[in-house]
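As written, the chains take the letters A, B, C and D, and residue 1 is the first residue of each chain.
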Amino acid sequence: MSTDVNVKLDALPGLDPNALPLEVKNLQVEFRTRNGIAHAVNGVSFDVRAGETRAILGESGCGKSVTAQAIMGILDSPPGFITGGEILYRGVDLLKLPEAQRRKVRANRIAMIFQDALSALNPVFTVGFQLAELFRKHRGMSRQDAKARAVELLDLVKIPAAKQRVNDYPHQFSGGMRQRVMIAMALALDPEVLIADEPTTALDVTVQAQIMALLAELQQERNMALVLITHDMGVVADVADRISVMYAGRVIEEAGVNDIYASPAHPYTKGLLESIPRLDLKGQELSAIKGLPPALTNIPPGCAFNPRCRYAQDVCRQNPGPPLYQVTPSRTSACHFWREVKGDE
Amino acid sequence: MGRYVIRRLLQFIPTVLGTMFLLHYITSLAIQFSGNPVRAMFGDRTPSPAQLQALTERLGYGDPCLSRKGDPCLWRVAADGNGWLGTSLEPGLFFDRLGNIFFRFDFGINLRQREVTDLVADAIPFTLKLLVIAIIFEAVVGIAAGVLAGLRGGSFLDYMVKISTVFIISVPIFVLGVVVREFVGVKFGNVLRGQDWVPDLISAGIFTPGFKADYPFASLIIPGMVLGAVSLATTARLTRTSIMENIRADYVRTAKAKGLTNKRVIGVHTLRNSLIPVITFLGVDIGAAMAGAVVTETIFNVPGIGRLVTFSARSGESSVVVGVVTMLVLVVLIANLLVDLLYAVLDPRIRYE
Amino acid sequence: MRGKFLKVAVAATATAMLATACGGSSDNDNDDAGSTGGTLRVYNAEPAFLTPSGGDDEPSLYVIRSLFRGLVKYNAQTSAVEMDLAESVESDDQKLWTIKIKSGYTFDNGEPVNADAFIRSWNFAAYSPNTQNNGYFMKRIAGIKDVQSTDPDGDGPQKAPEPKAKELSGLKKVDDLTFTVELEAPFSGFPTTIGYPGFFPMAEACIADIAACNEKPIGNGPYKMDGSWQHNVAINVVRSDTWKGEPGKPDRIEYKIFADVDAGYAAFQAGELDVMYTVPPARYKEAKATYGDRMYEQPGDSFTYVGMPLYQDNFKDKRIRQALSLSIDRQSIIDAVFDGRFTPATGFVAPTFEGARTDVCKYCTKDVEKAKQLLAEAGGWPAGEKLVLWANAGAGHEGWLQAVGDQIKDALGIDYELKVNLQFAEYLETADQKKFTGGFRLGWGPDYPFMETFLYPLYGTGSGSNNSTYSNPAFDAAMKEGDSADSIQAAIPSYQKAEDLIGEDLPVIPMWFNKVGAIYSENVDQFVWNAVSDADYAATSLK
Amino acid sequence: MSDLTSAGAAVGGAPVGGDGPTTEATTGGDGKERSASLWADARRQLVRDPVFVIAALYILVVGSMAAFPKLWTSQDPRACSTDRSRIGPSWEHPFGFDLLGCDYYAHAIYGARPSMVIAVMATSAIVIVGGLLGLLAGYYGGWVDTIISRVMDIFFSLPFLLGAIVFLTVIKRQNIWTITMVLFLLAWPTIARIIRGSVISSKDLDYVHAAKAVGARNSRLMFRHVLPNAIAPMLVYATIVLGSFVAAEATLTFLGVGLQPPAQSWGIMISAHQVYFLEDPWLLLFPCGLLIGTVLSFILMGDALRDALDPKFR
C-alpha cells in the first residue's frame, strides 16, 4: 500500500474530476432470509455535490442504513445482495470496480461514521492503534509517523490531551469523545465524501450539537460532500442542504430543506413534520402517523404508504406505484395527490 | 490489580485447607474401613505380627486413630500425657501432615518407602510433556477448525466441523485410546516399520503403542493427541461460536469501512476478540489436565501424575493421595488465577479492583 | 487393563522351585548353545524393591536374579538343586546344616562373598525393625522369636520395644567360608529353600545404606546396574566384570517397565520387546496364533481354589462341600474365560512338582447326580439362603466366579450372590479374621520347590495361610513324619498320604493350575525358561 | 483436557452466560412475558430441527430400554452358561453371547438402566442443589457468596476423574447410589457457577429493580424474576452434562472403580470385552454404539436447545 495510492485512484478508468463526487442511480438491494426475500432498497436515487450536505430521512427499517452500506460496499452478503442500479464516484461505477480497487476507494475517497461509537470501535485495541492503522496500511507510514498523525487527528477533532489519550481504549472515552474519534478516523485520509449513519442518535442533545458543529466546520474546511442519514427532523433542519425522504425502501420526496419544512409535498413527510412537538402548539394533542411501517418482505402494492395515508384513494393502491412527480424544477414527490398535500398549507 | 491478586491468594488458603482435610478424612476413612494397606504387601502369605507392626509404624499408618472408625484424626492422646493448653490432647495426624507438607515440604513415603516428592519428581516430566503436546495440538487444530467453520457459517465445512467435534466429544476417552493404540500404534506402526524408507524417528518413535524411553518426546505425540482430542473438540466449538458472534459486531463493519483487506479484518480485528473465551478455556483446561490424563496415561503406559495417584488410591497409600492431589488442587487454583489475570490483559474492559 | 496390576500382587508369592536330591551331582550347565552378545529387551512391571532382603514380588525377583546369585541354583529343565556359590550344604539330622562357600566370589564393589556376607544379610532381613519383606522366609531358623518384637498394646501410642537380639542365634560362623544354620525343627527341604533370592547375600555397603542400595544395587551376580533405577520407565543392566562364574549370554539386558500388561503386549507386537514372560489372558489365543513357534508354554504352579469357611454352619458337613465341587465344570469355564489356558486341578499339588498325582480329589469332575445325592444326604441347602461367593476387587476374578455361581445354580438350584468389592488389603484381613460367609477365592504360589509347600501352610492346624480353619490331627501327623524323613524322596509318600486326606475332606475346592506362557521375538536365538526361576535372561542368547 | 471433565466443561466454557433482554426491534418487555414467547419460539424451531428430533427419539428409545427392559427382550441376562461363550450374533440372539455365555442383547438392554439412572439422578441433583446454591450465592452476595464460592472452589479444583477414583475406592459399596453421589459431588460447582454468573448479571437489571420497588419479597424476586433468566443456560448445560455422566459411568467402570459385575452396564460390557475386540469386534461395537449414540444424542439435543434458546443465533 504505497503512497502512490492517490495516483492510482486518480487514474481510475472513466474518472471525470468535475463529475459529482457521489451519484446513486436506481439502487436495488434485497435480503434473502429464511422467511422470504426482503426488498430493503427499491430504486433509490440521489446525488451530492462537493461541500453540500444531503440528508436521507426516514424511520428505522426504511432501508437508509442499507443504502449507506451498499455505497461503501460493506454489505454482509449473504444475506444482502445488490440487484440493480449504479453508484457513481466522479462518473466511475463502484459496483463494477474489482474489490482491490473498491477497497482503495473506501476511506481514501468515501468514508463513513456509525451510530454507536462504542460498539463501532474495536474494544481491545487502543484508539491510537485503530487510527494509526489507516496510515500504516493505506499510506505505508512507519509506526511512529502514523502515531504522530493519529495525535494530530485527535487534536483536529478537539479531543483534549490527545498525546496521552491516544493510548487509551474506546471504553475510556465518553459518548461524545468516542464519536469524535470516529470522525477523526473517517477523515484521516481526506475523503471527498463522508457518509454519517445516524452519527448523533446515541448522544444527548448538548453533545449532539457539538458533534454536528464539528462536522459542519470540517466539511467547510475540506469542501467535503456529506451524506447525513437520520430519523431526527430537528438535526436535519439546521444542517442539511437537500433532503431525500425514504419510506419502505424508496425515496418518496426530495427537495431543498426550506421547501420541505415550508410545504411538504408528500403525506408521509407532512405526517413526520406534524409529529414534531413545537413550542407554539403547546397543550395540543400531538398528532402521530397511525400504524407501523410495512415489513420489507411484503410491501403493499402501489404506494407503500397507502394503508397509513389520509389522502389515499384507489389509484394509490394499484401497481405501478406513484412515480416521482416534478413538483418544481428542484423538487419531486412520489404522490399522485401531491398538489392537495402541498395545497393544504 | 495488586489488591485483587492478594485477595485471590488469600482465598486459596481456605480452599486448599478444605481440600486437604477432605482428602485426609477420605483416606483415613478408607484405612479405618478397609484395613491396613500394608497387609496387602504380603499377598497370600500371612506375615508375623511383629513384622506387620514394624512396617506399619515405618510407613506412617501406625497412628491409633486409624483404627477407630469415623475418627477424623484431628487430635490424639499425647504420649506423655501433657498435650496442648493443659488438655491431654495434641494435634493429630492431620496437623502433622499439614506441618510436614507446608513447613518441611515432607510429603511422607509410599508403601514402597519411596519419598512422595521423588515419586512426583519422576512423574512430572512425563505429564508435562504429554500436556504440552496435547495443548499445542488442541490449540492449533482446534482454533483453525473453529475459525474456518465460524467464517463459513452454514457451509459444508462448518457442518463437517460441527459433526466431527460432537462425535469426538461423545466417544469415551478409553475407547478412543484403546482403538488408537491398537490400530495406529501397533497395526499401522508395524506397516511403517516394514518400510525401510520411513525414518526411524517416525516409524519407531511416533507410531508406537505407548511411551518409549528411547524416544521420550516422539512416543508421547500420539498419546498427547488422544488426550488433546476431546478438548480439541471443545475448543473448535467454542471458537466457532465466538467467531460467528464477533463477525456480526459493529467494529468489524468499521474495519471494513476503513478499507482494510479481508485478511486483516478477520485476522486482526475479529480473531483478537473471538479468542478471548477460547484462551480462558485453554487456561482452565491446562490446570485440570495436570491430573486428568488418568486414562490416557494408563492406556499408553505413560508414568505420569494421573496414573501415580490412581494406583496409590487403590493400594491405599494415603500420604501420596493427600500430598499429590493437594498439590494438584493448588496448581489448578493458580492456573485459574493466571487465567483471570490473562483475561484482564486480553480484554482491557475488564478491571479488577 | 482393568486393575490388572493388582493381579500381580495376588500372585506375589515367590516361585522358587522343587529340588530332587539335595547336594546333587556335580553341575554341568546346560550344553553351551547360542552366541553371547547383544541387548535383550524384556517386559517387566515396576518392581517393589531391588534388594534381596526386600524384593518378594515377581517383577523384583526378575531383576534381583540378574544382579545377585545365591548358595544354590536350580537346573533349568529338571529344577534339581545345584550348587552355585556353595561348595556343599549337608546335615545329618535335617536340623543343623553346615554350608561351605566356594572361594573367590566378590561383590561388584570388591567386597568378598563369604560366611559373614550371608550371616549379615540373613540377620538384616530377619530383624523386624528393618521392616524387610523377606524376613518371612527366615521363620524356620532358630532364634527368630528374639529378633522380632511385637508392640505390647497393638495400636497404642507406645512404639514396639527393641527386639531382644539383633542376630539369629541359629547362625554361627565356623570360618571365613563356612557357617552353620540350626533350624527350630528338622526340615528335609531346607537346601531347596535357600535357592530363593531372599537368601542371596548383600554387601556391607549395601546394608549400611539400604535405600541407596535399592536405587542402585551392589550385586554379586553376572550383571551389574547401568545407571540407577528409572522408576516406571526402565532398569538397564550390563555384564559384570567381577563375576567369576559362567558369563551371561547377552551383553546388556534392558528391563522395560509397563504398568499394565496390555500396554506391554502392544509394545511386544510393535517389536519393542524381545521377551515377555507373561501374556494378557484375553490375548492368549491371538498370541498363540501369531507367535506359535516363538511362544513357550509350560504348566504353571500357581494354584487357584475356592476356600470353604468351615467356621460357618452351612459348610461344616463335608458332603455339602463335595456336592458344590461336583457341580462345577472346570474345563468349560477355562475354555470360556481363559481360552483354555489353564489345566483343571484334580489334586492339591502343582502337576510339575515331584510327588504330584492326578485324581487325588474324587469330587473334582462334574457329576450332577452324585452332587444332588450328596446334598440330599447332607440335608440339603437351607431354603431361600443364597450361596455367597467372595473375591477381591479389581483383579478380574468376578468373571469366572460368576460362572461358578451359575453352574452351581443350574446343578443344585442354589442361587448365589457375589461379594467382589473389597480391596485386596481388606479382603486378606477378612480372611485373617475368619469373617467369610461363603466360598472365597484365593490363590497360592509355592515358596520353594518342595511338595510340602502346597500342604502344610494351607491345611496344617493353625498355620499362617489356613483360611478355612481345617484341623485334622491325622493330617498333621503325616506332615510331621514327612518333615523328619531323611531325604526329600523319603518324605514324599507320607506327604501323599496327607494329600489323600485333603482329597476326601475338601477344606478347599481346587479349581485349576495356571499355564505359563512366554513369548519372544525373532532376534532371540535360544530362549531358556528355568522351571524354577521362570525366564532365565542370563541364559537366553540373541541371534 | 482431562479426559472426562472436558465433556462436562465443554459447555461450562461455552458462551452461555445469561442473556439479558437484548434490545431488539421490540422493546425489552417484562422478563417473564418475553421468556414465555422465547419458549414458544424455541419449541417451534426445535420441532422443525431434524437433528433434535432424531436425538430425542434415540433418547426415548434408550429411556424405554432402561425403564421397561421386559418390553425389549424376554431373555434373562443372568441365565448364562460358559458353554455358549462368545458365540456370534444370530437371529434369536441378535447380539450373540458374551464372555460368560450370557445373552448379550439382554445384557445391553438391562445395561441401559444403571447408565441412564445414574445420569438422570446425578443431573437432577446438580441442577437442584447446584442451581440453588448458585442462585443463593449470586443473589445474596456478601459472606453467603464467599462461603458457597469457597466450597465451590474445593470441589471445582478437584480433578474430576481423580476425585471420583479416590472417593469410589474408599467407599466399599460401588453401586448406583454411590456413583451418583460422587458424580454429583464433583460436578455441581460447574452449574452453580453458571447460575451464579447469570444471576449476578441479571439481578441488577431494570425489571428486577422495578419488581423490588413494588415490594416483592426476596424469594419471589429470586424465583419469579431472576431464575427464569438462568433457566435457558441451565437447561442447555443439563442436557449436555447428562451425556457426559453416561460416559463418566463407563469410564469409571473401565478404571475398575465403577459398577462391579454381576451388575449389567454398558461400562462393564465395554471394559470386560475391550481386549477381545480384535477377535470378536462385535463384543465391543454393540455397547460402544449404544453408549456413543446416547452421549451424542444428549449433546446434539443440548446444542439444538442452546441455538433455539439463544436469541442471538436465530
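Note that a residue touches a chain if its C-beta (ideal position, glycine included) is under 8 Å from a C-beta of that chain, and two chains touch if they have at least 3 such contacts.
Quick caveat: nothing in here was measured; it's all calculated off a predicted structure.
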Of A-B and B-C, pair with higher C-beta contact tally: B-C
Chain at the geometric heart of the assembly (C-alpha centres): B
Mean-CA-position distance for chain C and chain A (Å): 92
Chain centre separation (chain B, chain C; CA means) in Å: 38
Between chain A and chain B, centroid-to-centroid distance (C-alpha), Å: 56
Chain B and chain D: spacing of chain centres that average the CA atoms, whole Å: 22
Residues of chain B whose C-beta touches two or more other chains: 33-34, 178, 182, 298, 314
Residue list for chain D, restricted to those that touch at least two other chains: 169, 172, 254-256, 271, 274, 278
Multi-chain contact sites of chain C, meaning residues that touch two or more partners: 1, 3, 394, 422-423, 426
Interchain contacts, given as pairs of chains that touch: A-B, B-C, B-D, C-D
Residue ranges of chain B touching chain D (in the complex, touch as defined): 11, 14-15, 18-19, 22-23, 26-27, 29-30, 33-34, 131, 134-135, 138, 162, 166-167, 169-175, 178, 182, 227-228, 230-231, 233-234, 237-238, 241-242, 244-245, 277, 280-281, 284-296, 298, 306, 309-310, 313-314, 321, 325, 328-329, 332-333, 336
In the complex with chain C, residue positions of chain B that touch it: 33-51, 53-55, 57-58, 62, 64, 66-67, 76-77, 79, 112-114, 118-119, 122-123, 178, 181-182, 185-186, 189-190, 193, 204, 208-213, 298-301, 303, 307, 311, 314-316
Residue ranges of chain B touching chain A (in the complex, touch as defined): 248-251, 253-261, 264, 269, 272-273, 276, 346-349
Sites on chain D touched by chain B in the complex: 1-7, 9-10, 13-15, 150-151, 153-154, 157-163, 165-167, 169-170, 172, 243, 247, 250-251, 254-256, 270-271, 274, 277-278, 284, 288, 291-292, 295-296, 298-300, 303, 312-313
Touching residues (chain side chain A, partner chain B) in the complex: 69, 72, 74, 76, 103-108, 111-112, 114, 116, 119-125, 133-134, 137-138, 169, 171, 182, 185
